[in-house]
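Have a look at this one.
Every chain is named by a letter (A, B and C) in the order it is written, and numbering of its residues begins at 1.
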Amino acid sequence: MVRATSTPRPRLGVVKLASCDGCQLMLLNLEDALLSIAERIDIVEFPEATSHRSSGPYDVVLVEGAVSTPEQLETIHEVRREAKSLVTIGACATAGGIQAMRNWANHDAFRAAVYAHPEYVESLATAQPVSDYVKVDGELRGCPINGDQLLEFVAALLTGRRANLPDEAVCAACKRAGRVCVMVAQGIPCLGPVTMTGCGALCPGFDRGCYGCFGPREQANAASLGAQFVAMGQTPVEAGRLFAGFTGYAPPFRDVITELGGAPGIPAGHAPSPASTGTPSGGN
Amino acid sequence: MTTEAPSFERSFRVEGITRVEGEGSLHLTVRDGEVTDARLRIFEAPRYFEQLVVGRHPDQVLDIVARICGICPEAYQMSAAGAFEAIFGVTVDPQVRALRRLLYAGEYIESHALHVYLLHAPDFLGYASAIDLAKDHRAVVEQGLALKKVGNELMAVVGGRSIHPVNVRVGGLYHVPTREELLAMRPALATALEQAKATLDFVAQFQAPPFERPVRLVSLRHPDEYPLFAGRLVSHDGTIDVPIGDWRTVFREEHHEGSNALHARTHAGETYQLGPSARVTIAAEQLHPVAREALARTGLADQIARNPFWSIAARGVELVHYCAEAIDIIDGYRRPAAPFVPWTPKAGAAGWGSEAPRGTCWHHWETDERGYVTRAQIVPPTSQNQGQIEADLRGFAPSVLELEHAEATRRLEQLIRSYDPCISCATHFLDVTIDRS
Amino acid sequence: MTSSAVTTVTTEPRRGTGFLPRAEFQHLIDLLGEDGRTVIGPTVADGAIVYGEVRAVSDLPVGMGAEQSPGRYRLVDHHDERYFAYAVGPTSWKRFVFPPTLDLAESHRDEHGHVSFGPVHHEIPKLAFLGVRACELAALGIEDRVLLGGPYTDEDFRKRREHALIVAVQCAEPGGTCFCTSMGTGPGVRGGHDVLLVELADGFLVSSGSEEGAGIVARLGLSAATEDQLVEGSDQLVAARDRIGDPVATAGLHDRLLAKLDSPRWAEIADRCLACTNCTAVCPTCFCTSVSQRSDLDGRTAVTERRWDFCFTKGFSAVALGGNFRPRVQDRYRQWLTHKFATWIDQFGTSGCVGCGRCITWCPVGIDVREELNLIAPPPVLGTEAQVAAHAPRTSVFHVDAVRPETHDTVTLALSTPDGMDWSRLHGEFVMVSVPAIGSIPISISRRLPTGMELTVRAVGPASTFVTGLERGAEVGLSAPLGHGWPVEAAHDHDVVIVGGGMGFPPLRPIVDEILAHRASFGEVHIYHGARTPSDLLYKEELAAWASRGDLDVGVTVDRADTTWLGRVGVVTQLFDHARWDGSKAIAFVCGPERMIQATVSTLAARGITQDRIFISMERHMECGVGLCGHCQVGPFFVCKDGPVFSLAQLGDVFGREGI
């Protein structure tokens, strides 16, 4: 009566670029659902969990991490070719992650400062979100992604509906949860007003300001919030650094950092623009 | 690098451990049946953490260093927090310190349950993954997942979430839970304690490859508590015994071609082993009585010290320990009046370490007069273990060379996984090539 | 809440006012907590005075107050014994009568495709609200009108309201952002409470406002208040009123504000506004909600959850295919402010603002509505009393009796219900179609049948894709027909012009059916249908049959032709740009994409059809379908309840305005 439901199990791949592994770990952290998911989804590539390997094709591939080396650049194009649907998971894949803070800096100097033999280390001048290089069909934000959102994504995939992932500010979830605004009541700078919800307004519940794990929400007025931080007594560079976290390379956070300062290793008032995007080999 | 003066050493900082989490490969060179070279190559993308933290406020640093590793964020947070607190002269309130141990206990339970059940047990039992293992032994995997979940829940209660918790700040925590919130965890922990004992009994029946070798075990040791984020840095043979901040007086880092990870050795160029086997051996007296008794029942203490494959039993012992200690902390908890001690910034430098589930994670931090970071060195456990892993591979490989390639590969991988280097390279890990020239 | 009461302060204590010494206050808390009630009142947490459980006097904010200014709130210790010497904090009572999240319904779809829908039952707690201010009583009164006053009601809200005992406390310590005086809601309490307290230096004046309250007061066994005590109480209130002043000029505010929809100030506010939703979240009257489904992994069981939603988010005004009627922050801010202070009055006969000041204090960047109103522009115009209530529509299971493909992505489903109800008699323009675990979408009725209806659906999102894939015998959930449809009876003895673009055509088909059933009652009938391509044309056979009757003028056009197409090419207005009919006797019914409607309307106007005779159907984001969730508002209208069909005369200024 209804269309056949005995479709073959979707083939899922999990692929990692420059990242901390935390987002793919979230899949293993769905302890109650993990074995049920494994019965319904054919996990063909997930090096964190299984020795079985597959280079595709995939119905869905979850990509964790930023594109930051020539090899990763090749990988992401290969994965894109093999995937019907490519979904980026986490701040590194969706916004460049913490390593994208180097995009404001001189890459060669960075590399030389960390490694005795920089010539042994291959990396691109910038760390970029996956969508700067290939088409992305969906994204799960967060540093790390949220387990409930991941489960919702899987349920939606299996049910054939749209995942219910709100695009509202952290403030909306914070107020539903009955939390008191830390910015208004305690003068603590909080990125909640400009950050996409998804974490359940975690940090204000722990008496601290949001630090932007889920990245800018649509219409994020980061400039106004940055100005408010300065009005509250932060120096411009301090205010800029609050944005220069795990999603700082995503516009408009990126623009506020460039405007106010706060990128790593850059003295106050001398913040250059981030290295140009989309030119993987171009250094600065 | 050995030719460089010690004062120049700081210029080649490790930017963070994640470099061992990516893909790796092992190249063995065999001559006349003898392994002449074993080289582990790791291709994790460089992430430059030690540069990214320069100019940052220490509290922001704690959030950033957590991102070095999604599996053991607390190791990085606690090591850095310890260093900053040493610089600023902060003593954390005892109850807040207990909460930090509780948070870290959650990370141990999560990480060890993950490793024992999802990553390492399939090796001993001949499966490619825990998902395959679950097809034949669902209850076993479910027990592992249940234990793992308790660890995650503990981290969420104290730290806000299991991956990249948000609660640690210099001087203490941002927020302290109520006694009721902690007590709500107690029934689950009581169950977990029994499951942890069952886990140890379960893995004690495994057959480990007979591979005993002399090794130097290194960990923190504290007279009054199982080593976590305080004590002295010692070796089991008594040859090393220095304050926690003095790692550099004993060890140094080297940068090898073909790797984005720096490797650590003693100044004499010797390798050493960190992790659960080292701790269980070095701090046997500080184990919770319940864990000590469970270890004694297995009769594996000597094996753990000598055979790297028995690290799985050491993890079982620590699972028992941290479930038991978590219960004790909760039972003795009185909500502190303030979650953190205010501190005054100053210029300074300090080294500090903490025991990540996979071994000592050592940091060195320098600050300016506003307390902002001017320089950082982060030495993750896996880069310290890597030399010993290679040495073990050289020693172990001859016993598997005659096996067919797939089986030989599996055995070599199992050895590497014994060190729990970090999961993505630990599981599939290897593209093994054997040069039989 | 009448305008004449704006400046009146109740200083006259009720007869029978008693005095409760401070030392005996615990007795009152204990009495309130009897009969299984939980006492909710002010308590200090996380740097603010919030509402939480109160078991003892020590739970109250003894001696505490707060400094409040735009974007800033700080607790201050007055070092005295008072319990209620503070102005309202971030929590409002709305949270307890209209929960932030609420499971509404459970639905199932079994492996054979059978569907079922059922409500989720909630245990309604018995609560006593301790410390309710005049402005908050006014807010509860407004919520009553919104949620209980219309044709559809929120029964969960009703029960929670009925289960709450209200202990009001007269305001003595207004905050720096208060303006209840301007909104006519305070500071004096004027009813709506069960018990009223006035806090004095050494105790409380206690009086009752209801029978239940009188019972509690009687059990306190109080001595009568002295004259001095009564004077102390009234002096406090007068002082409070004087401190607040009259910060907002509300006379004529409704009209003044609506006259300023094009003010450049909206864009200036948007430069600062974070669209963070804090103002609406702390507002005690904002009532907008969204629903979504949580399902199990297999989509067999789903729970429909309602949660507070906010007109500052993108999703709030989003429609299918990525469209959004309020794309800019300035559109959203304007919607919020003009709704609160103007169109709310058109809808509910009262302002939506009580002047509690929360939206000012809790705005992270300190945007001050008092200042903005005075800058942009205006006294609340009072409307009519609320109507008789009816229950919200239930979801009924319908069967698919027939499926007719219309185009590659569009089908017409014939649906009937086994419940025996005569659906043809139910008015309404559209139904909410629900699929467990997938979603719920509004679909216009494209034909009325004796036992059900036809729905023509295009596969756009997951829910509509699922519905278009249904086969004969499948089940779906349908609400009763909702909204106001086409006023076909108004066209009797008139010529009729029907213009349908794309998927705008199906809603118009029942008009044609009605005309054909009573053909003699209408004059000339012109039917125009435009589609993107020939393969997107709907009801091709019916159109041909209508054209061959001879008593209908049927025109069809496509935007882009293909090789098979011999008909007209061009936009739909070209079909009647030069037609010879006389618009002065015609009534027009128009439905289609917003841009097509605008072009059609101007062509029709040029043909002499006046605004009161042009009816259009509006598309907006709809969730509840009954005017309770707030998403589909356009100016003073709820598209779902007041529309979706409107005359242009009715819409007035609202029609065609960007971002409204």
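Following the convention adopted for this analysis, contacts are C-beta pairs under 8 Å (C-beta built on N, C-alpha and C of every residue); 3 or more make two chains touch, one makes a residue touch a chain.
Bear in mind that the values here come from a model prediction, so they are computed numbers and not experimental data.
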item	value
Closest chain to global C-alpha mean, per-chain Cα centroids	A
From chain B, the most remote chain by mean C-alpha position	C
Where chain A and chain C are represented by their mean Cα positions, the distance between them in whole Å	35
Averaged-CA centre spacing for the pair chain C and chain B, given as whole angstrom	54
Whole-Å separation of chain centres (CA-atom averages), chain A against chain B	25
Chain A: positions in contact with at least two other chains	207
Of all residues in chain A, those that touch chain B in their complex	16-26, 28-29, 31-32, 34-35, 38, 43, 47-53, 65, 68-69, 71-72, 97-99, 101-102, 105, 110-111, 113-117, 120-121, 123, 127, 143-144, 199, 202-203, 205-208, 211, 213, 238, 241-242, 245-246, 264-266
Residues of chain B touching chain A in the complex	1, 4, 11-15, 18, 21-23, 43-57, 60, 63-64, 67-71, 73, 114, 118, 122, 128-132, 134, 138, 141-142, 145-146, 148-149, 152, 160-164, 166-167, 169, 174-175, 254-260, 262, 339, 413, 422-424, 427-428
Chain A - residues contacting chain C, complex	1-3, 5, 33, 36-37, 40, 152, 154-155, 158-162, 164, 166-169, 171-172, 175-187, 190, 192-194, 207, 218-221, 224-225, 228
Chain C residues touching chain A - in the complex, by the definition given at the top	45-48, 50, 71-75, 89-91, 95, 100-101, 109, 111-113, 270-278, 281-282, 292-299, 307-308, 310, 312-315, 328-329, 361-366, 437-439, 461-463, 465-466, 469-474
